[in-house]
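Below, each structure is written out as C-alpha cells.
The following pair of complexes shares a single chain, subunit A, combined with subunit B in the former and subunit C in the latter.
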Partner chain A sequence: MQRTTHSDFALRNCLAGWVLLGILSAGAGAAELHVPATVEAGQSFSIPAEGSGQATLYFLGPDHVVKRSVTLGGDLAIQSGDVRAAGRYRAILCDSSSCTSAAFQVEAAKPAHLSFFLRPSRVPVSTPQSIDATAFVFDQYFNLVLTPAVVNFRITPESGAGFSRQGSTQKGVAWMRLDSTPHEGRVQVTAVLGNVEEARVIQQVAAEACGLRMKAVPNGNAVTLETDPVRDCSGNALPDGTVVSFTKVDREGKSTVDTPIKKGVARAQFSLHGPAQIGVACGVVLGNEVALNGKL
Partner chain B sequence: MTSIAHLEVAFKKFSPQFLKVAGFAVAVCALASAQSLPQVHLDAAGLAPRPIEELTGTTIARHYAMAWRDLAEALESGRARVLGDEFTGIAKDRLARRIGEQNHAGLRARIVDHGHQLKAVFYSTDGSAMQLIDQADLEIQIYDGNKLIDTQNAPQQYMVLMTPGADRWYVRDLEEVSAKAF
Partner chain C sequence: MKWGLVAFLAIATAVLVAIAWLQSGGLKQHEMFSAVTPEEAVQALMSQIQAHNFEQAYASLDRSSDTDLASFTRELAGSDGSLRTYSSLQTAEVSPLHSDADQALVRVRMNWSSALGSLDDVRDLHVRRDGSVWRVVWPKSAPSPVPPQVVSVNYLRWEVIGRNTTQNWGAQDVDSPKVRITSMNAISRPGRVVILGEVENEDTVPAYLNVNATLLKADGSPIEEEGSFDLISHVLLPKQVSPYRIDFPGVRMDAVKSVRMDARALLVPASADPVIAVSDQAISKDGLNRNVLKGELVNESGRPVNIAQVLAAYYDNSGRVIWVSDGYVDQALMPQVPVPFAVDIPDDIAGRLKNYRVIVNHYSRSSS
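And now, the complex of A and B:
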C-alpha cells in the first residue's frame, strides 16, 4: 500500500492548483502577439496570432490607426501602407475578455530624398569657410534616415576646376563649410547620396576692391576724377552700382561725393578753391591720394 | 494632462543676468499655464555648428512644451485643429491623419506627461533648423470608447526637428526612435 505523506499531499495540491490556474488563464487571456522588433518602412509583414475564435486587432502608428475583426489561429497581415511612417507602433489584440499588446519599431527605408540647404545666396570670392551646405536625408516616405550615410557635395564653378567634399550624416544630417572659389559667377553645389541628387546654385561676387587707384584731370577751377577699373585681388571686376567715395579737402573745407561704379569705373567732379587733397575709398578699402597744385 | 508646468533651460555659458531673465520668463510662463504645460528641460551644451542664442533656447523649450500640451489635447479630444499652433509640415500632417483615423475607429489616446529631457544636437548655421532628441517620460492610455484597452508606461525617445516661424519655433518632424538608435 502506497503511503501518502503530508508533504506529498501538499505538493499534489499545489501542482493541481497551478494547472487549474494555467487552464483558467489560457481561457480568459487574449492571444499572444509575436511582433518583429523592427520593420522597414513600407514593408508588409504578418503577425502570428495564437488562439482561436474572433478578436479585434487595433494597430496604432504615428499617422495611421486600424481597427478590424480578425480570426485567431492564423497570421494577421499588415500591409505596406500601414507602416509608412517611421516610429513606434502598437498592436493590440482584444478578445471578449481581455487585451494583449506588443510594440515594434518601424525604421526608415533607404535614402530617397535630400533636403538640401545652401547659404548664403551670394558670397564673395576666395573666402574661406563662407558657404554652408546642410543636407537632411529622407526615405521615400519622408522619414529621416538615421543610419549613417556619406553625402558627397560636388562644387561646380562657372569657370575653373570643380571639386567635391564628403560628409557623413549624423542622426540624418550632413553639413559642411566650403571655401568660395576665386572667380565670380554662378556656382552649382550638388548634394549626392547614391543615386539621389539635389542641386542648388549660389552667386559668387567680387570681394573687396584691391589696389584702388584714381587719376585727376584739372580743368580750370574744377577737377574730374576717374578710377582705374575697380577689381578685387583675384582680378574680378566689382559690379556696377558699387559705391565709391571721393573726398576733397581744400580752403572751403571737406566735401564727399559717393558715386556708383558704371562700366567698371567711378567718376566724380569737384570745384576747386585753392590747393586740395583728394582721396578715394570703396567700402573698407582706401585708394591713392591726389594733391592738386602740388605733387601727386 | 496632469503634469505641472515647469520650464527649464540649461546652458553652460549663461550669464547671471540671463539666468535672472530666463528665470523670470519661466516663472511667468509657469504661472500663465500652471495646469497645462508639461516639464521641458533643454540641454544645449556643445551644440554645433552654431551655438544657441539665449532667447532661442527659452523660446524652443516653451513652444516644445506647448506642442506636447496641444498634442495630448488633440489625441484625447480627437480635434486635430489644435495642432496648428505648434506643429507644421510633416509632423502636423501625420498627426492630423492619425487623429482622423483614430476618430473613425472610435479610439482616443490619453497622455499623462511626466516631462521631457530635451537635448539639442544640431543647429544649422543660418538658424533655419534645430534637431533635438527628447527623452520623454509618458504614460499613454488607449481607449476604445470608454474601455481602456492598453497602457504604455515606459521611457520614450523622440527625434525632433524644429524650424522657426514668424514668432515661434514649430515642430516640423517628430519621430519616436528606438533607444538603440544612437
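And now, the complex of A and C:
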C-alpha cells in the first residue's frame, strides 16, 4: 500500500480526480461497491467485493490517497488508520475491464480533546460580560465533533464560592460570557465534557484607582508626599509598579514626578519654594490637592 | 641656471612649509592667539571645538575660566554614553551682545548634529581682553557630583514568559496589554497636518506601544499612513499616560475627511526604574527670543541614564491637547544631579496654552 500525505496531497488529489473521472467514464456498468453510509473516525471496516481475480482499490480521503492491490471475492479490509480524518471519502475498485466507485462519510469519534480559549488573560474586576470562554470539542484524532454536546464550565475564584455554567456545542463549539467578580486574583475556569477537562487561569486585576488621596509632610524646604494605599472602587489594591503622578506648582514653576507604587503606596519628594499646590493622579483618575502654606 | 635651481628649491620649500602650517591648524591657532575682537575669539574657539582640538581650545581660554581641561573636554565631547558623545559641532553663529574696552558678552548658537537629529545650544559667553588679544571665559557647568553612597533600589521589574510554541492550539497564553487613546486632535500646521493626543496604558503590565494614524478622504480611501515614531513614550508602565504626535508633511487639512487611529501594544519586559523627576518647569523665552518650556531633570535612581528625551503636551482652556513637542538632552543624567532641558513651543501655541505636562523617555546602555 502506498500512502501519500502532506504537501503533495493537493496535487495528487487533483490528479486522482482526473484519473477517477477517466476510470469511471471508461468503466460504466461495473459492479457496485457496498460501503456503509457513515463510518466513525478511526474504526476499521470492510467493503464486500464481488467477483474474482485481482483488482486495484483507490481510496480517496480528505487528507490522503491510498492505492492498493486487492483480491476480489472477499471483504476488502479498510484499516483504522485510513479513516482517521473526518470528511467525505470515495472508494474506487478497478479490475481489468471496469471500475466502480462509492462515497461515504467518516464522522468524528467520541469527544477526547477540548481546545479551550479563555480571554482575556487579565481582566479588571467588576466588569460585566468581560470574560469569554470558548471550547472546541475534538475527538482523539482532532476532528471537530459536530454532534451537539454539553460542555460544563466550572469557575473557581481565588476567594469565594465556585460556580458552573453549561453550554451546548453548536457545530463543535461551546461558549459563554462571564462578568468578572469584585475581587482580584486568579480565577480558574475549567471546561469539562465527560471525562475530558481543560483548565485555564485568568487574572482578575484591580480596576481604576478610586478615592485617590495623598498626604503631604513638609520638612524644611522640602515636602514628602505619600498616598494612602491606592485601591479601586471595590477595595482591591492597585498592583505595585502602577504609575502615580505627583505635580507641584510653586513660584519656581511646575514640578512633576511619575513614580511607581511600592508596597501599595506611592511616594515622592519635592523641594519647596514658597507656597505650593500639589496634586496627584493615577492614569486618568485625579486625586486630592494639597495647598501648602495656606496661601494657594 | 645654478642660481635658478636654488631659488626654485627655496620657494618650493617655503610653499610646502606654509601648506603644512595651514593644514596643522596654524592659521586657526594664529587667529586664536591673535583674536583682535571678541567675536573672533569665540569664533576661533568654536573652530577648535569643531575640530575636536580640546587641548588647544582649552589653552586659548581666559585664565579666569572656572573649569579644568578634563571638565571642559567632558562637557564638549560628552561622557557616560550621553547623546553628546554621538554628536559633532556643525555650525556656530556668533553675535555680539555687549562690548566695552576690556570685556564683552558674545552670544553663540552652536548647532550639533547628533544621531537623533540636530540640537541647538545657545550660550552667552563672557570674553575678556588679555593684552592685545581677546579670550573666552568658560563657565564651569559641570554640576557638583553626588557624594559616594549606596542607593538602594527596589523598583519592580516585569519579565514575560510567553507561550511555548510547541503547545497545542488553544493553549494558555498572556494577552497584550490593553491601551486606550484618551484624546485625539487633528490640527493644521504650515505645510502639514498633525494628529496629536494622549494614550494610556490601562493595564497592569507594561506595554510597548505604537500609535499609527491613517488620513482618509471623503470616499474612505486612505491619503497617507504615519506612525508617531519618536514623538511618544513607547514603553508605558501601568496607568502611565503618554502624549503622541504624528506629522503628515505635504497634506492639507481640507483634503482630510476622517482619521483612523490604531494603537498597538506588545507585552514586553520592563523596569519601573529609573524614576526621573521633572522640576522647575516654566515657560519662558530663550536667548533667541523663542518660546521654550524649561526645567530640570533629576534622575532619582542609582545609575546613570545615558540619553533622555523630554516629551511635553500642551493643553488649551478646555483641556484639549493642542501641541506636543520634544527635545533630547545631550548630557547623561547622573544620579541625583539636576540637568537642565528646554523644548521649543511654537509662538501661536504659546499664546493659547493653558497647561502642560512633561514626561521623560530614557535610554540606559546597560538595561532594557
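Just so it is clear, the second predicted complex is superposed on the first by the 258 of 296 C-alpha atoms of A that agree within 3 Å, B and C clash if a C-alpha of one lies under 4 Å from a C-alpha of the other, contacts with A are read in each partner's own complex, and residues count from 1 in each chain.
By definition in this document, contacts are C-beta pairs under 8 Å (C-beta built on N, C-alpha and C of every residue); 3 or more make two chains touch, one makes a residue touch a chain.
Note that this is a predicted model, so its numbers are computed, not measured.
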Which superposed partner A:Phe45 touches (first subunit B, second subunit C, both, neither): neither
First, second, both or neither for A:Ala103, with subunit B first and subunit C second: first
Touching partner for A:Phe117 - first (subunit B), second (subunit C), both, neither: both
Which of subunit B and subunit C A:Asn143 touches, first, second, both or neither: first
First, second, both or neither for A:Tyr58, with subunit B first and subunit C second: first
First (subunit B), second (subunit C), both or neither touched by A:Lys171: first
Touched partner set for A:Lys67, first subunit B, second subunit C, both or neither: first
Subunit B versus subunit C as contact partner of A:Cys94, first or second or both or neither: first
Shared subunit A surface residues [contacts with subunit B and with subunit C]: 117, 119-120, 136
Contacting residues of subunit B [partner subunit A, same complex]: 49, 90, 93-95, 97-98, 101-102, 104-107, 109, 121-122, 124-126, 128-129, 131, 133, 142, 144, 149-150, 152, 156, 159, 161, 173-178, 181-182
Subunit A to subunit C touching residues, read off their complex: 115-122, 136, 198, 200-201, 205-206, 208-209, 238-245, 252-260, 262, 268, 270-271, 282-284
Residue ranges of subunit A in contact with subunit B within the complex: 38, 56, 58, 60-67, 85-88, 90, 92, 94, 99, 101, 103, 105, 107, 117, 119-120, 132, 134, 136, 142-144, 146, 170-173, 175, 177
Of all residues in subunit C, those that touch subunit A in their complex: 154-156, 158, 168-170, 172-175, 178, 182, 200, 202-206, 237-241, 272, 275-282, 295, 300, 356-359
